[in-house]
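Take a look at the structures below.
There are two complexes below, and they share chain A, which is joined by chain B in the first and by chain C in the second.
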Partner chain A sequence: MAAADSPSAALRRDLCSRGIRLAGKMRADVVDLLDAYVEQQGLDASASVAAVEGVPLAAVERWDEQTGTQRLLENLAAYRAFRALLAQMLEEQREQLGEADAGLGRALAAVLLQVSAFAYHLEELLRLESRGIPGAEEDGPPPPPRLSLFEQKLRGLGVLRELAQWAVRSVRDLRQLAKPGPATGAAPGLAESP
Partner chain B sequence: DSHIQYERVGADVTMKCGSMDWDAAVTWTANGTDIDESHLNGSYLILKNVDLSQSGQYSCYEGSSWHLKYQTSLRVGTPPKEPLLMCRSNNYPKGFYCSWHLPTPTYIPNSFNISVIHGTKDMVCEKDTIPKNRCHIRYLQLFSTVKYKVTLTVTNALGKNFTTLTFDEFAIVKPDPPESVVAKPVPNNPRRLEVSWQNPSSWPDPESFPLKFFLRYRPLILDQWQHVELSDGTSHTITDAYAGKEYIIQVAAKDNDIGTWSDWSVAVHATPWTEEPKHLTTEAQITETTSASTSSFMAPPTTKICDKGAVVGSGAMAVCWTAGLVVAAYSVLFI
Partner chain C sequence: ASLGDSQNLKCVTHNLHKMLCTWDITSRGRHGQTDFCYTTNDLTPQVCFKTKERRVEIPIPESSITVTIKSSGTAFATKEFVIHQKDISFVPVTPHILSLMPDFPTSTLNLKWSDNGSVFPYGLDALWQIQILRKEATEITYYSKLTHEDVILSWNWTSDMPLECTSHYVKIRCYVNATQFVGPKNWSDWSPKEMIPGKDTEPGGSGVFPLDPVVAVGSDLTFCCVHEEDQRITNMTYGSKSYKMMQLSSRSHAIRVLNASVSNSSGTNVVCRLENGLEGSVVFVGYAPDSPQNLSCETSNFLIIKCTWKPGRPSGLYGERRTKYSLFERTTGKNVSCEVNEVNKDHTCGFPVLPDQKTYDFILGVSNPIGQAQSSLLVDITQRVRPITPEKLTVTGNNSTSIQLRWFINGSFAGIRLLCQIEISSSHSERKLHNVSMPGRKSSTYTAQLNALHPDTKYQFRVRCSAADHFWRWSDWSRGVEQTTSEAPP
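== the complex of A and B ==
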């Protein structure tokens, strides 16, 4: 129990709790945004969208066997990718509609802000564990080929759906991280430094 | 040589006596009872518009020797209607199960085949031995946006039918109801009830996948429920119970983030704590007391209905005042 009461353990739990609240709020907003997006873009909510290149998939095998570090790194990579994707969606939205659909644009911007905040929060958690933070790719992924308007809309649907899944996964990941881990740092807690 | 023969309800059935010629003299029996010759066409047995009661063992005997020439078990039934299928995860994130049944019986044996596809991947649904119309699947992936497609086909000797269910991982998550619900009065608190419960034992990891709860309660004498949603903990104190009234209480559970609410738990009953009455006052005693008095009004002893905690909400004062008036009226009558 001594380890569980240490300042860093308490700080980790605190950061995880705040992260869980952030992710929970983000998910609620993404779900609302998804509904608005489907309606405004004239899409079918039940349409299947094939996996889009560059959109990080939340689906994971053997989730329960992941180490804490794996969880943080995968989460961080995902939210950095979503930050770029949402920024692109916002840009496309402005090009398509200008000011005609300011509500959707504002909602997209709000979610983008939360995604950025969450990515920063994950970096804080990694710093806490003295983990090096992987450098963000300066230029991001190569710019995708120009898509038709309909393809843009479908990709947007795929991005938001996957982001909603990630928000749930992040809550679960942070709960695992918040658990007092074993001394050896094997899964599910955070692994010790080598 | 025994056979089994399946026929639809309402069908016309013709049974041949094995290799016997049409004009051979035979006797048919149904479950050991001779069948009247009016049902015979030569040596063929004709059953028109068969119904369920005609299922049984049919035997054909050669006329003179009574040698058994043919025997068949006739099973009258129906082809299957579209089966009812449901899938649910009550043990998330381990997996889910699907169960099925037919809306109406077919009266003949049926076989069921279930296929589960996740994207392009075929998954194996392992059949349970008990109950036998159920199978379960372990999740290989979590947090997938790809839907699951489950197809159940039911086949019997008279036909087949199928149904398909498509869903995503989160939508079918529904825990079992909370267990061990207990409700107790709180000593010296006439308006409180302490309720506690446990996570359903089928939920594998409540620490990582916490449940939230919904409590409902009402006095037995009223129809309207009070509701409380609780985001953590497995206990709650009701503080607005009506004193002295028996309550019925139930709890439901839901994963904190996904899925739907469980069914309601088994109902428990409890009555809040009440003070032991100090004096027992009956109408006869009031009448005897007041009839003996000729010149003075005797104030009634303290009765329970004037006790502040013992009455319904804002009607407390009104009840006390009314009780005083009634007793005063009695007193006036007998002065």
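== the complex of A and C ==
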């Protein structure tokens, strides 16, 4: 475990705070995108969407007991999955709408960029702690079955809702990681994985 | 005795040649053998049969026939009947459905059956009643002419609801209008029913149907929600509006949307809310393409022919359902698909100039999932030349009263003469235009000499070109160049 004021601890705190800002911005953009998506797709904002296959759930049990490495690894797996899901949504968007409503396509592409950047940021944090970074291909979700257009719309809704939840969780995770040493009771440090 | 006696002698013909006579026998004689004899009235010899069947097939008489039925071993052994043609009823053979095929995307059933025409004389009119049974029965009458051959008739019927919504049953019966036949004429029996099962008969067949259709604006649409038996359906909405539901079966409810209006780019959602879930479909309502207007083609370099047109009303369809364009040249059979951006409305298409071909017989084909249209244009491309903008206009020589200009035009103009127009401006005099014509060349430079200029005067020049013969349109102006003539010699 690195001492609280050592250069790597300071670097980690810096990476965490930059990550928190990135996640905060991403959440705001995802919420805006969600509103635009619901309107453009003619969906009912209150529609309940069953858990969508391949979409990582932000809710986690015993969040406080997670080690720092678990937090980073779960975050990384989630954002890699979202990267693939958003890329699929973008492809479907182009297929279905072509040039119509390019605004939504641009907003989707912008969020995809942020998700990719955030995933890279998490990898940086893992590298900083000389943690092995799981290969990207392990995490990418298998291509979902061909869905009907309405199912595609609902899946998109489910993806964006869950991504917004994940951005909130990531901010909390990174705040936890940014806390100095284990003395603070929680398990923020990057302890050995169980 | 006459027909309809207690022994109920009845004769029916199915083919206007032979008739099937049946009769009853009192209980005592039911199992014994019967002698059935008949003779027509022109004193031909009697014809007899022994039968236990109580039915006999014999030829139809020209006018009437005398029948004698002798049952063995009973008191009332012999009974005689006179059958007139008018007593014989004609009932065509019950038709049989050969095939019933569904086409789900178009909600169409295709029915095939044989008209059994070979047993009938040529030219009789036949009526076919076709019943389609769903929640309520629909009956259609179909007409055909018999040709003394067995012809397989094929008939399409488009349902007003998707075939998936509920099972469709079909049966058919026939009436032959045998005008020469004097006896009573009746409909045949109904054929056995054929069925196309709906999704509401399939386990796990839930969903909203039709699934993701593309339809024309103004259509009347029926959507159904197929759900599990134990699932209660809350409502069905089309877009943001809830519609009154009709129950088709225990697992299928439908709504009817009239005069559908154009949908937005992502389609109109048809949502079926169930107690524990959602089912849905997305319908795209748009327009068939208009015939392209003002189709015009020209070439700027004799390499590519560029055609432009006005598309007419937007289709309202995007992405993979967008309106697609293709340019077909009839003489060569060459076909080019055009990349057209439905949103920013630049409707152009490029077609390669073909070696040694001046005249092009174009058909611009337009299609989308709702319909198609086309426009055609016959054009001599040498009469549709609008050169590319001249480039690299430079002054290559000058003195006090004349200037030599040079410019470059990209493209293969070797086959035509070019006409170029040089604009001469100066602060002293009005803008002048100087025309010069020259043989065209392939990606070449061209020159012109301007005389009678004023000494020591600043001039601005620019040039544009067109075809000398068969003028079509000027190119754009080149970039300008400025030059001052030298002072007059002392």
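Methods note: the second predicted complex is superposed on the first by the 182 of 194 C-alpha atoms of A that agree within 3 Å, B and C clash if a C-alpha of one lies under 4 Å from a C-alpha of the other, contacts with A are read in each partner's own complex, and residues count from 1 in each chain.
As a convention for this text, contacts are C-beta pairs under 8 Å (C-beta built on N, C-alpha and C of every residue); 3 or more make two chains touch, one makes a residue touch a chain.
Being a predicted model, the structure only gives us computed values, none of them experimental.
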item: Contacts of A:Leu154 with chain B and chain C, given as first, second, both or neither; value: second
item: Partner chain(s) touched by A:Gly24 [first = chain B, second = chain C, both, neither]; value: first
item: Partner chain in contact with A:Arg175 - chain B first, chain C second, else both or neither; value: first
item: A:Arg94 touches, of chain B and chain C: first, second, both or neither?; value: second
item: Partner chain(s) touched by A:Glu61 [first = chain B, second = chain C, both, neither]; value: first
item: Chain B/chain C common contact set on chain A; value: 48
item: Residues of chain C defined as touching chain A within the complex; value: 207-208, 211-212, 239-240, 264-271, 277-282, 318-320, 322, 341-344
item: Residues of chain A defined as touching chain B within the complex; value: 24, 27, 48, 57-61, 63-64, 161-162, 165-166, 168-169, 171-172, 175-176, 179, 188
item: Contacting residues of chain B [partner chain A, same complex]; value: 93, 140-147, 170, 207-210, 257-258
item: Of chain A, residues touching chain C in the complex; value: 40-44, 47-50, 94-102, 148-151, 153-154
